[in-house]
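Got some structures for you, see below.
Both complexes shown next keep chain A, but they swap its partner, so chain B is in the first and chain C is in the second.
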Partner chain A sequence: MTNNGYRLIHTVEDLRYYLIQGMKIEHATIPPYLTALYSLKPGTNLEAFHIIRAVVVEEMLHLTLAANVFNAVGGDINGVLTDPEFIPEYPAHLPTGSVDFKVNIEKFSPNTVETFLNIERSKEVDKDAPLVLPRPELNPWLRILGLEETYTFYSIGLFYAEVIRGLQELHQEMGDDLFCGDPNKQITPEYYYDGAGEIVPVYDFQSAIRALRVIQEQGEGSRQQTIYDAERELCHYYRFQQLELGQYYSIDKNNPLNSDSPDHPTGKTFIVDWDAVYPVKTNAKLSDYPEGSELYDAAKEFQQQYYAFLGMIQASFNGSPQALIPAVGGMFKLKESAERLIRNPIPDMEGVNAAPIYRWNKEQK
Partner chain B sequence: MIIKSVDCQTISNIVYDVVIVGSGVAGAIVAKQLSEQGKTVLILEAGTSEGLTLEGYQNNIETFYGALNKNSNSPYPLNPNALSPTDNTYGYFQEKGVLPLSGSYTRIVGGTTRHWEGKTIRMLPEDFKLRTNYGHGLDWPISYDDLMPYYRKAEYEIGVAGDTEEQKEAGAEFIDGYVLPMKKLPPSFLDGIVRKGIDQIEEVTIGKENPETIKLKLSTFPQGRNSIPHPDYQRPGYTDDQLIKDNFIPEGVASVHPVEYGERCQGNANCVPICPVQAKYDARRTLSTIAFPEKVHLLSQAVATQVDINPENGRVTAINYKQYKNISSSEYTVGTARGRLFVLAANAVENAKLMLASNLPSTSGMMGCNLMDHPYLLSWALLPTTKIAGTLRGPQVTSGLSTFRKGDFRKEQCAFAMSIHNDGWGWSGTGATDILQDAVDKKHKYGAELRNELITRISQQLLLDFMCELPANSSNRVTVDPQYKDQLGNYRPVIHYNVPDYCKKTMAYARKLSLQIFESLGAKDYSHYDKSDPAYFEYENEGYFFRGGNHFAGTHVMGTTKNNSVVDRNLRSWDHENLYLVGGGSMPSIGSSNTTLTLAALSFLASEQMLRDLKA
Partner chain C sequence: MDIDTPDLMEYFLNFSAAVTGFSRFDLLGTGQASLYFSTIEGIIGGEIFRELLQTFHELYVRANSENDASILTEGITDEILMSGKLGPIASNIIKLWYSATWYQLPDPWREKFGARQNDTSFVVSPYAYPEGLLWQAIGVNPPGAKAPGYASWQYPPSVRLTSPKN
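After this line comes the complex of A and B, so read on.
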């Protein structure tokens, strides 16, 4: 299969480029998930709260796993997360390049859940088939190497399938020299656990594949026609689908084959209260808030905190894993700051509440 | 998958290998150990089984948030059919002693671990020979070394976070190469402030006849709370001293829904009664990680009322129970649980009560006697305004003094451990909730003014607790009296309790030590021991009160013969060969350690003998 016409990743540099995009993809899901999560009124929609929250935690795990692989193949992570372009400008296409839907920063709603399902959707392709499809517009995010700029990945899973293919081929060519990174830059289970699946420190080919497979499978499932991943946990796609269907899936962990089949949950039913949600502004910009107002200051403060948070995460990926501990403390501050915005109406906008702004714009001082 | 909830009908047709009364940490460990060896198990639980689902647990949290009186059972609805003693709030205990036992336990699935603080401190080797070493209380029929392998199992099951080196300094022993499963919880910001004061004092003397000099040094307490897994951890192997390299990864409490929860401690500071992120171990975690859950049946809302005996050989034939429909009605049906082996794991007070209610006081007559608890002296102060101490950040307690846990002074006065409370004055009755109510309801403050009021009145609060050892004494005891029954017609425990001068002397010493610490911190003492408090006492012309520790023990004490004890070294009843009494009730002494870790270790030890019995 080597050197077939579809090969996209030819050099270690290519691989590192893809892994940076991978980190962007993992991160790009976090602002929309967090905003929807915090828009839920306290004490309501317990099911939605826990489902979204658990997925956010796993996206953080994926970001960490992608960083582990990136560090293992000798990437330099300094400046990656703190690049202003690391956060997309919402509404945004997913950085995989797929353009049939856009991701917004908005409140929890049936539409939002639909978007979440699109984010986590899956598609199987044959091993040697192209993973990219032609698409109509320019993708500023992902330069799909070796192809026209109009090509795109259908799903996050397919994107990682390509990364895995590239890694395999490079490993065949280079052997273990591929893993030239500093092993001290690996995040180990000591620093990360949360019922979100296991962190995999990456030192060699096998662990790199394991790490990438966790990302791939937690999202959309290991294979077609199953609702669970390799750890026998429900995949993200089906977790969100529960909110659409108002019913839990049931997984038999001892015998996964006895689990529910896709689209047909048999677990407990529940009612989603779509109205118990704060009406937050979709894709809020700093200019939506009157300059000098409390909201304006609060939104700016959130931006700064979020930027600092990414900086701490980056430091932890860059040989200071202990920085992850205060970063978690930082997430509490973020939550409080986000809620402060979300629970307050914007002056002169009837029935619209403020929302956090994640992206740090270059034109800002 | 979780264990199977069953109804009376189902169990009436089954003879189980083991019938366990109580689903707390002791009962859960026995159920897990035995079911994993293929045995069928029935658990009778007096309380309700809510909390086994995430939704139920979340309801408990919401109930706690909404409760005006945030006592240790406030997350759980009042259940008149199986009352939980709650610091005398609901009058479940009939207190007949000179001083009240007070304290609380929780009658609900998971037992008292549903409200425990989570300290998991090993006892010290010398605690097992209290009578021989110091002339007080009782000796154990087993030694620290005998219990060591089971301590390791308990530390794995609970998921203990702690610093092994600090514990060695405090006097605990560990086999070579062993560390606790997770690293210590980091000391709080408040600990750092108190440390400065304590470092200035350096050392103090204790004891009058042979004064000893003790160096003061803060250290952390091991706790059953998620922190950072220790990379050098080795879990217990298949033989006594075998260790297997294995990173400990805490498991969330899986609910029926595919949502996991069970995170690292975030310092919400309301460990007692309930952790909002399930960072604290409770026995639901043991119940939900049973490998063959279909082998374990759970009958909840079933209060055990009577143990039936075959008079010819003393063997237990059945346990009778009353199952109530719901907590708002006293309507109930009666039933019988049958098995080959029976295990009482319902807390020291309830175990003894059930045996006495069944007219089974044991050959030694010790059933219900030797009731122990840790009386706590509290001392509280306000730190100077220059020291914003960040009170209410961190788990309830992270550090304290373990330097008074051992020493020859124990001939004269009892050992103790001191804790620094990250949750402020709450235990003394003037904590954050009280201050909030005062500010909102009485002073009508809101907005920035309310915030300032709370910051100035809470964030400098300092409360020290001194947990004192109480030796076994047969006149401290649980009895039953037909006059005192609950609405189902079950006995309420009658308590006879007093605290000897041996402990009061230490409490007076602790009070002086606290004043010394306050002084070196520049803190203003606010302690007030009101004469009207039921636990008020005077010692050498000074007044104090104590608070119950909920570490009930000793009521079916373990010993060397059927004439000096209720159970043998394996926790098996001397009089009834197919009956085990597990839990703190079997402990002949409690040292200066919270009892859960030791009683969990004993449950592992007893489970091994149960399996041998079932094979015979």
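After this line comes the complex of A and C, so read on.
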């Protein structure tokens, strides 16, 4: 193997660890995207609404795809999504290890879009080059299985490139024994409403690679110098960039090479109304709300429901795929609860509105 | 006279909470409060809207200072709902919150107090419709909006006959 020297994934354990990180990365984008989405005042900024909404729905697909790969290689998903640390404490670095930007839970704004662009950024790395940024020589005796600061993937795409490399090499070493997971734990299309690209059940090497490539490409495109993914849909980075530029990209689906080039959209222009947004408190905590207020109770209820929701998703990934359908139904109720919070001013705080709280606090009863 | 002051918005929210049975949190949660406020003002005019809100606010202040809720409930009935002038507007505000629809004021009111140019029946906005309190009150999603999810039709309705808090 040409890249053996750079390899980070040596064992199935390593691979499973990386896939857990992958699920954390996918999920970590959801609270910030949803909060910005629901901060838009009803009936305004329809372009932003549709753009963010479409991306967040694909992140949910990515979480499911990562879980499918994890289950296929025999991972035990029980306790993964319900781990209180599954949701980072915002402001947070992405679990890719990138430390040059932090992600907040905040209202829709030019800064927020900038962060979203950072989340979805991409970089091409040669086939035989390392995928992490240059890092100090590691003492192999000190190498612990964990996401150290020295492992900083520039982008989510590079993180998955590492996973794909690891998967390829482990498959060469172990053959199909790598895919020792229970096939009944796969989420198949009959349980996943096909609105955000294809759900790929993973049973073997080919399907595992296919699932991981969907995640990679929906985020950052199929290759450098193009704006679209393998399904000829605009990738996330350029979808968000439209909000910065106030203009849509145009993709020629019949001949994608005729599509706009990066940074130069030619589609319809639109005006983003940065003021038609609720002034949501950044990285709100339960303690920001007066105890005993209706707001406090509603925020606490949301937090509990979100935790329960993750538990239902986890159960559906753990051999009860039919549980995914009511879980998704519950998600729509969460949306309404989140919107209610965001539209309410925090008592005694001038001009600041509430926000949903996603992270479960261990100390809380 | 500037009707668009924060105080009147406060009065409006308190009044709406008193007559709809929903809390201020629920009302603000619909995201429609300012739209409804400006809609009502635009139809009936600032003067009469202010009279309604001032009447309510005086009752509200008195009920609070004397710590007697009946001042408010009886006052709303006697001085607002029974009033030939304010009653039909108050009813319209209740209907507006519940159905996102402004209903044309009744003919006797229009004859007595003057027909307003914009006083026709209409749905205030496409985004207000799914936020009508009616849907929350009966525990179903508004038809055609707030879909409860793919294949959720296979589950029994989520209608509750009692409040979840009881």
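Everything below uses one rule, namely that the second predicted complex is superposed on the first by the 346 of 365 C-alpha atoms of A that agree within 3 Å, B and C clash if a C-alpha of one lies under 4 Å from a C-alpha of the other, contacts with A are read in each partner's own complex, and residues count from 1 in each chain.
Going forward, contacts are C-beta pairs under 8 Å (C-beta built on N, C-alpha and C of every residue); 3 or more make two chains touch, one makes a residue touch a chain.
As the structure is a computational prediction, the values presented were derived from the model and not from experiment.
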Problem - Side-by-side fit of chain B and chain C on chain A, or clash - result: clash
Problem - Residues of chain A touched, compared between chain B and chain C (which is higher) - result: B
Practice task
Could you look at A:41 and tell me whether it touches chain B, chain C, both or neither (first, second, both, neither)?
Solution key: second
Exercise for the section: Scan A:294 for contacts with chain B and chain C and give back first, second, both or neither. Expected result: second
Handout entry: First, second, both or neither for A:180, with chain B first and chain C second
Key = neither
Practice task
Using the touch definition from the top, say if A:332 reaches chain B (first), chain C (second), both or neither.
Solution key: both
Practice task
Determine, under the contact definition given at the top, whether A:340 touches first (chain B), second (chain C), both, or neither.
Solution key: second
Exercise for the section: Have a look at where A:349 lands relative to chain B and chain C in the superposition and call it first, second, both or neither. Expected result: neither
Practice task
Could you tell me if A:234 is touching chain B, chain C, both of them or neither one (first, second, both, neither)?
Solution key: first
Problem - Shared chain A surface residues [contacts with chain B and with chain C] - result: 43, 193, 325, 328, 332
Handout entry: Residue ranges of chain C touching chain A (in the complex, touch as defined)
Key = 23-26, 28-32, 125-128, 131, 146-152, 154-155
Problem - Interfacial residue positions of chain B with respect to chain A in the complex - result: 1, 54-55, 58, 62, 228-231, 247, 249-252, 256-264, 266
Practice task
Give every residue of chain A touching chain C within the complex, in rising order.
Solution key: 41-43, 193, 294-295, 298, 325-326, 328-329, 331-333, 336, 339-341, 343-345
Fill in the blank from the handout: Touching chain B in the complex, chain A uses residues 43, 46-47, 50-51, 54, 188-191, 193-196, 198, 233-234, 239, 248-249, 251-254, 267-268, 325, 328, 332
